[in-house]
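In what follows, a single structure is set out as structure tokens and then discussed.
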């Protein structure tokens, strides 16, 4: 088995069609970006859009075409420039300096994409991709889809620093939502559960495997996510100023980063002096909360799931609510069978109002640390660095977000971020 | 139940005798320190010995005497100066500035200890300590014992910055050890195990409870700890220079901190130029490894368990050895019934050679993150801050060390430190 | 008088012609840059080329057009985005985040330039610019010329982070130089000297004025700059490893930044492992020193003036050579009457070999701190922030460099940078 | 000539009497400190009192006894531990870790002092100190006096972190002062002035020499220092919130360090929540300003000179007052002939009310950078590191403070600190 593994084809698509579909989605998402938009790196964990486009391409060259007899890279420098973190592949551009690469140009990166696309399809058509190569092709497709979400996350972070509030994609306001009612709870029965992906289930990452037994302690899980409206109550009740609600590191983060609301939120016309004249949302009342979104700056909407909260905030909220976060095992056991909803819609790029017994829209922090499943073994070779080497000091998120490409919001998928991260579309669901 | 809880007396000792025994051990350990030695704080996570002595005393005043009707503190400022992190108690001296407090003097802190000792014994004798107060008294005794180990750890860290290599306690070299043979492995059977402490088992901390079921995946655990001699093989095989052995954060730590050996180790006469003339161990051969210990600087001993390694190093070693770290559940299930050995001996303060089917000597990093057990609830009141608020981004250690007071090295005890920590007496045991 | 002041026209050019000449030079220099090249900010003190182009334009709008009755800015947000540091003008984009502005686009910034050019010319033609406005127009032209040099400096810094060694402008190697002979010295006579610019001398910055008397102590000054060849001797003699040659802060900088050669220098094939395959200069011998230049990476040339050395390095070199740096007063008194040479040639952008009794090619560190001349007064209004508020903890450089636009390399000009700066084209001349 | 030089004896005292007088003053100042007080280092630029006592002793051993034939140090490790920054002498304890040395003990350092005292006196009596040795003895005495002031400054900084407001020396409040009247101004005539110390004038440091000519531009200097009362007006007029008053680096410091008053000031009962119950000055009205002093925390006194202001604050105040700081040359020319007042009184350790035409009480920031005088040459040998290597990015202070030992407050003395420093007793005098 491999870092990403599949034994049956995920659909009736040919490998080449599948590959090209993924590649086209990246191009569609990037097509709204100017050349300028694709260059900056707004913080070390984020990357330029041009880099995402080149790196995903390099991945196919390195891992798929690199296995094709006689293949010679037309751009050997790109291996250095666009390797992300694979130590086994060799040295690479330092991560904090990805935003300093202006040559090759965006157009040349586009050419690189086209050239690799053609070479991959040609190799597939010629039958020059061996079985391991096909596995790595599928891994590469999933990898590129992950980078589609990262590219949008990173872009949102970048745009949020522009005081003119750029719009990635315009969108009409949703019709007025009926605020969701009381939280409903679903029992999670005590006993042994089967957790994780099976090789026969279609593609899964190495960190979702092997499927194994876990003892569930029994409890209840909420049937919907926590909303913006509920989060405002937490804020109104002093949530950000009561140390007893917080983990010790969380309270330190509140003070270090001056958190008083979710990421990208701003109260209008209170701290507004450091803005250009045309920046604040027109027609917004004084004191109202707005959030910067990929649709521009907009008033926050009570019925939507709260997002851009850190693990620390999610944990504090749960304590305030007299509840806790679910473990990833409870989550997986409870949500299996629920609907997948609110995956990436390129015309929207923002979650819809919460709904019952469904996952998607926002990633959900769990109480679980990111650790290997019993029997997990780091593979030989560079692909072995895909997931395993990050298994310390990160927290598991489950589900998927409104930026997650279709097919990734599955019940065994394990996403992970450090506890203080807020730039992913991260929300929460309660347990007790 | 409470942060620390006990339903049956731990022994036939009276509460007052038990209390005074613990207090006297602290005084014995501090009696070898000069006034000067008790003042500095060598890094933020460490504390001055004077502070440890005062803080543990304050704990009894705050939590036990604070419940005695009519008790008035003779030193209200001490509540500010010697509170560690209890937000519910009020403001306190900033942690990084504990080493800047020179008044009250060390002698006044001694007086404070004596006064509180007398007040506690008087309250006990007079029957003025209620049931909850007795629970908190027991918690305070355990708390003070934890600080006995911390005080020695912190002192070692402090002394290690003195180029004259101070000796805390002199000790003859052990007789020549026979190096331990091949590692033996014990099977850990797949299935449900009961993990954690029961209220009826004697004292336990809140984080050891409640006792609950866990599914063990099955595997093997080594019957002894990894030795200094084995660690030298890891070093000789390039252990500190091969990124493929390391977690991503671990490799970053290797580079950031220039790790090339366990903490406190030094290769003699290689980087020796920045030392005073009298510092290096006399009679040590060029190129030999020495370690700074509480018995002064001494050559490392192959048969001893390796210690002062971080979680990252333990994890890398295990990968190099083709093994892994055990989970805390495997550890607890496997070691129950094994001997407890090598607890704090004030005349030694250093581990003995490893032995089979025993715990103690060095703490053992596990593969488990520090998380609450199912059903763990943070208590009301300041005592609720004891353990729960640290349950993020720390790693579980099990067992106990040669600095751990007698009675603490038990099979359910959960110690925890951040992954990069090296100043505790931390070693490892393999699993596979 | 004003921050920049002139009482007689600098030439027979009309104001509009003068203005458009300056503006066209900026456009010429930028014309070799791709859109991508104009976006990143490679460090906080540097700025994106797009920002330089917009900021210089904003300066004319704010200070010249802002005085024209009825003028309304078509882009009020630009005042926020492209103000550099004028507190009196209002809030502005944080300096470290200039590289995060991707909208307005580079093309829109070009349009902004064209619109402001037309508005300025129209206002001049209509006689709508008052006398103060004409002074500020001249200040704006000089300001834009300063930014031409900054834009090239910043670009060089940016490109130096690209492992593919981009070329800003291609250039053939110079014909073989005859290495300059022994240093010649010119006496500087003891006594009173007149220092600084007079209002009647043509344009000068406020910090060059008022002209005033200084007592010169008497000494000698070298008739040429220190060369690359001489600097190699300093390096060969352990210049970077002998603390006795260095100021205390300088020695700390050597250790903090691992300096062992001037900025942008690299010894080929010694630390070459972290580079992409196509990066190193072809045909360069192992162990040879190359420097990254605006003409790409090239072997260093002995006859050229050394550049990209910090004040600390210049000071250490002088001490090693048994000499010292001249004060800015000695420098000005001695060099008055010497040739100005080696100003900005857009087809070259790199200094020529040193020559006798001439200034230009590289800026020359002096022994003088950047302080106000006697009688200097900070002006009222935002233009008063031009130079005065930087008069602490910076060091005076005199002369001009191969990136300095024609007309700026004058004997009274006072450039200034912090002591550790190396990204300007900074060299030195000895005194004794 | 030497780093510190003298050609005629400063008084009729014998060398041994002079030496012992200085040594006894250090012991007197230290005699009020507990052992505990002598250990901590409260910030990197400060040092423990025990270190000051040992370092000054080491200086005599290294530079004076080191020249005595046959002298062998009884404590060779002390050379490593108590060398401050003399690179030529060899490696030394890292400066930020001076507070981690608890052995040798304070008593052993006292013994070291006594032993070196005896050895020096014996060598003097035996005629074993050569002429250069006598020069270095005088330098050592002046060096120790500088450390007397540093020890008190550092102690004040240390004690200020203790929320119980320790008292170094008790003192009654001064009788009510009459506030000083309007500022008087003294003309400083334009023309050549002789600046600096002459070898025939008694002891001076190398940085005061050689005496040389300077052209004074002409101006006026205030006949007294700026008072606390005047500083309150600056604060009331928004002095700390108006960027137009500040140097650019100064304004950055205001924001980085949250400066809103001089160092050690606190407004009572406004931010008082983070203090222990016994800390605030009894009998102080709400909202009143107090300052931490070596006499404990006390209300500020309007007639005293303001102190613990940085260069940036002094400069901003001068700009606010429509004035400027004097250059060190104006200062020296104007104050020559004025009284020296308010030197170190061990029973007081705090400045008296300002007085006319006098220097002392507080150091006075000047407009001058710390640069070598014309003809200054760094000496050979370790003593050459005394002053010269700090001649960059520091600012000249003139005069002396209430912590400056008698004899040091002279008209040619050049003190220096970085612009943001506030822990010395630094005030200001205006010029215009």
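Lettered A, B, C and D in written order, each chain numbered from 1.
The rule is simple: a contact is a pair of C-beta atoms (placed from the backbone, for glycine too) under 8 Å apart; a residue touches a chain by one contact, two chains touch by 3 or more.
Please read these numbers as outputs of a predicted model, since none were measured by experiment.
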| item | value |
| --- | --- |
| Same vs different contact residues, subunit A with subunit B, by half of numbers used | same |
| Chain whose mean Cα position lies farthest from subunit C | B |
| CA centroid of subunit A to CA centroid of subunit C, Å | 44 |
| Euclidean distance of C-alpha centroids - subunit A vs subunit B, Å | 38 |
| Averaged-CA centre spacing for the pair subunit D and subunit A, given as whole angstrom | 57 |
| Subunit A: positions in contact with at least two other chains | none |
| Every chain pair in contact, whichever chains are involved | A-B, A-C, B-D, C-D |
| Of all residues in subunit A, those that touch subunit C in their complex | 34-40, 42, 50, 76-77, 79-81, 91, 93, 97, 99-103, 105-106, 158, 161-164, 166, 273-279 |
| In the complex with subunit A, residue positions of subunit B that touch it | 85, 87-88, 192, 212-215, 217, 219, 243-244, 246-251, 311-312, 315, 319, 367-369, 371-372, 374-375, 378, 389-393, 395, 419 |
